[in-house]
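Just below sit the structures, each encoded as structure tokens.
What follows is a pair of complexes built around chain A, which joins chain B in one and chain C in the other.
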Partner chain A sequence: MGLSNVVGDLSLEMEVDAFRRLFPLRFYERHLSESIRPDGRTLKSARDTSVALGAVASADGSALTKIGSTTMLAAAKMEVMTPSADAPDEGSIDCCFVAVEYYMPSICSPLVRPGRPAEIAPVISKQLYDTILSSGMIDLKELSLISGKAAWMVYLDIYCLDADGALFDAALLSAVAAFSHLRFPVVSLNDEGRLVMVPEEGNGDKSGKEVVNKEKRKLSLSSPPFSLTCALHKNYILADPTSEEEAVMETFVTVVLNSSGHLVSLYKPGGPVLTQTSVIQDCIALTRQRMKEVQEILDESISGMEID
Partner chain B sequence: MEIDRIDGRSPNQLRPLACSRGILNRAHGSASWSQGFPRDTKVLAAVYGPKAGTKKNENPERACIEVIWKPKTGQSGKQEKEYEMILKRTLQSICILTINPNTTTSIIIQVVQDDGSLLPCAINAACAALVDAGIPLKHLAVSICCCLASSGYVILDPTKQEEEGMKAFAYLVFPNSIKLILPEGSSHAQGERMEDGIVTSVTHGAMSVEDYFHCLDRGRAATAKLSDFLRRNLQPQVLADGSKAG
Partner chain C sequence: MAGKASATPATYSPSPATRKGKPTIYKDGDRDWVRPDGRGFQQCRPAFFRTGAVNAASGSAYAEIGNTQVIVSVFGPRESKKAMMYSDVGRLNCNVSCTTFSTPIRGQDFDQGSDHKEYSSMLHKALEGAIILESFPKTTVDVFALVLESGGSDLPVIISCASLALADAGIMMYDLVASVSMSSLGSDLVIDPISEEESYQDGSLIISCMPSRYEVTQLTITGEWSTNKINEAMQVCLDACGKLGKIMRSCLKEATSATSE
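== the complex of A and B ==
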């Protein structure tokens, strides 16, 4: 009682910024009791989100996404490889056809020291890879070029440029956006029977070589996944936490739904708040809502690309 | 629509459990936990600590938990890093971190054999090892793997072979029943609420939301058996330790 009184009195005299740094938890709890967050959002609204496709000219598909100030740059590159014997019709996203790598260079956050990789980076890579594969977004058969002989291998690299909370959400959105921007490079058979890339400019004279994939240049994405991270604190649910909020609160639930409404992942790694079934239902409902918003933003940027 | 399991278990039936504690001499606490017989998933957990000081970027006002996951063969990769992170966050939530501030407790997990449900097995082993080391805990945690077949059927504690054929699976961690730590009858209302809670949930593969809640119910029902086993296993040694001290 003594302490809370002292803190209460101090909050009247102290400057807001000082109070925020000295008693971050009290600072947030005061806001939460008024159903507002320090950045002016309501508890259940996410930050402004933007998607810019084609941010990397040398990649076959790329996207720069921002959720608030969390910024992710994703770029996908394609390579021709030989598919594994047990799945000759499928392309690969790793062991056979997609490789996902998530990087957190020291530019993104004061918590990441140069030379020492961030602990969370390989965990997010693994989660992204699992989510992309199990959402069924990419039909691996589409990555096949010549059955049993050649298939596409997709290398997806995601760089975190600014880490301000909800890293997985931003990384997944940038991955989906990069895949929707992906165009297959043109390949043809050379004299030794190998597939080689045909340079784009040289489309006029192909020196008699036949282009293998003339009609199929785009990946059709069925039911892409979208995610929302919620921070739980006491009875409050905060959607899309910033890094400051992530430092204060300790329990997070990440829900991934694909656009056909299936639950792709429900990830809650520990945390002091035990979640009841009703809380999980609330989080799923929030993710549904968020999925609609994000899908609109993504569709808008895709149609913007096509007009260009 | 019954599913026939290769080893003849019913869908809700767990494999036989075995747990022994205090098997490593130099460790402050250790346990081995295995599920299944004669082919089993077996994990060895050792606890060292609390040692003085915390790592960088950790809060020195609280105890720090460090998890090191050693795979059966080869070097640890992304999968092991993910397991380490899940295990660390799960154990952080059951330990009372304010008792030993500015200390680090290391938990080392060695996989001895993997025949499915590896992560739940490791969580159960780590929990038993923490008790063996006498690290202060809020409550115990019990973990289980629920598998969802494409027909929508749920089976518990799958073997590796069963895991491979499945559409989706969920690793769930529930708090142990509160009966263990509170005298009977006290704060019953609160106790019931706590048992409804989920400490950790990790899922793989797409499933419908209803199926997930179905898994949750089935998993929760089965944890009673697991926590009974854990309690029975921990009790005799606790009593023996007490008589030694007296």
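== the complex of A and C ==
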């Protein structure tokens, strides 16, 4: 009690920035009791979000997404592979047509140093991979080129360019955006039995090679997943935490819903706050709201691209 | 490493990558060849710089020159590693890495990890002379670069971008460092080459200089050059560095006037 009194006295005369750095928890609790956050948001609102498609020219599908200042760059590249014999038209669980990798290069955060990769990166990688596959967003049959002989393998690489909290949410959004921007390259069979890209000018007829995939040029995404991370502190629920908030609070709940509103996954990695059903329900309700917002933003950028 | 299960079968890219049988971009004796992007021999690509690309860093910059896109973050000055000996002057630590999609074929330039050791040390050498290391004793400044897309002349773009990021972080420097490269193709010299031109070059020259002091921090020449050609190339590059420096300077001015308003 003695300490908290001292802190209380100090806070009257100390500069705000100094107080914020010395007593981050007190600083936040003061804000929370007024139902406002240091960046001016209410507890349950997310940060400004933007999606830009086609950010990487060399990729077959790419997207740059920003949630507040958290920035993710996702790029998908297509390669050709021979599917396994027991599942000629779609990937089995352990040998799939989609590979997802999440990177945290040292430019994104002062905590990541070269040679010592961030611990959280492989965790988010796995979470993304599981979410994308289990949501059923991609129909793996669509990736088949010649049944049993050749199929597309999608390599999705997501780079975190600026880490400021809610990394999984931003990464998932960029993954979904990159998939919706994905266009298959036009390929034809060459003499060696390998598939080769046909140049854009359409002189595929000149060489007499038949184009293998004339119609299937893009993935038809069915009900893509969207997520929202909430930080829990005492009785407060904070949607879309920044990295500063993530450092202060210890309990997080990540809810993933698909666009038809079904629950895809729910992730609560430990933390001292034990959650009740009502808290989980609140988180899900917040995610449902957020999903609509995000989907609108994504649809807008997709339609904006089609006009061009 | 998720998704990259050991069972992942071998895949290949469908893009026609092999240069075999493809004619070179110029013919010997043909004086009228045109560069793939239609530029003049001594014409640089349009340059775009922006500071403050990464909020989490003390300073950062984004550079886009033609198709080459680079982000550089600067952290510090911060505590040196525990194992480091005491030092009166500050340390500079540089690291360059590439994204998997920076090259046309995924992971083409990958050896161990995505770090580019050669570029890292060259970046260090190019910047070292321009930074007033005495201004941050005992501490380290980290300069990390990520090549988002490699479209040729990558190292000069990284160097120029890094010096902007250092300025954005408020690290004391004698001057900005502007860097430009030149390729020798047969009897011709082309400035600011793109990847395709670099793959045919007989020699290259990279010059990094501090434009307002007219001092060179790094000069790298590879391949076969005659003295006359080196003189000519250096003159043209120094000229271009001066112009690039002006663009970088105006970017910094813009950034400060935007924040002070």
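The rule is short, and it goes like this: the second predicted complex is superposed on the first by the 298 of 308 C-alpha atoms of A that agree within 3 Å, B and C clash if a C-alpha of one lies under 4 Å from a C-alpha of the other, contacts with A are read in each partner's own complex, and residues count from 1 in each chain.
Assume a residue touches a chain if its C-beta (ideal position, glycine included) is under 8 Å from a C-beta of that chain, and two chains touch if they have at least 3 such contacts.
Small disclaimer: the values here were computed from a predicted structure and weren't measured.
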Fit or clash - chain C, chain B, common chain A: fit
Contacts of A:293 with chain B and chain C, given as first, second, both or neither: neither
Partner chain(s) touched by A:29 [first = chain B, second = chain C, both, neither]: neither
Vertex chain A angle, Cα centres of chain C and chain B, expressed to the nearest 10 degrees: 120
Partner chain in contact with A:69 - chain B first, chain C second, else both or neither: second
Touched partner set for A:78, first chain B, second chain C, both or neither: second
Which of chain B and chain C A:122 touches, first, second, both or neither: both
Touch count on chain A, higher of chain B and chain C: C
First (chain B), second (chain C), both or neither touched by A:139: neither
Chain B versus chain C as contact partner of A:265, first or second or both or neither: first
Minimal inter-chain CA distance - chain C and chain B, angstrom: 5
Those residues of chain A which chain B touches in one complex and chain C touches in the other: 113, 122, 125-126, 129-130
Contacting residues of chain C [partner chain A, same complex]: 1-5, 7-16, 53-58, 60, 67, 71-73, 75, 78, 95, 97, 99-104, 106, 114-115, 142, 144-146, 148-149
Touching residues on chain A, where the partner in the complex is chain B: 111, 113, 119-120, 122-123, 125-127, 129-130, 134-136, 251, 258, 261-272, 274-277, 280, 284
Residues on chain B engaged by chain A in the complex (per definition of touch): 56-57, 77-79, 81-82, 85-86, 88-94, 168, 170, 173, 175, 193-194, 196-209, 211-213, 216
Chain A residues within the chain C interface of the complex: 56-59, 62, 69, 71, 73, 75, 77-84, 94-96, 98-101, 103, 105-110, 113-115, 122, 125-126, 128-130, 153, 155, 157, 159, 161-164, 185, 187, 194-197, 243
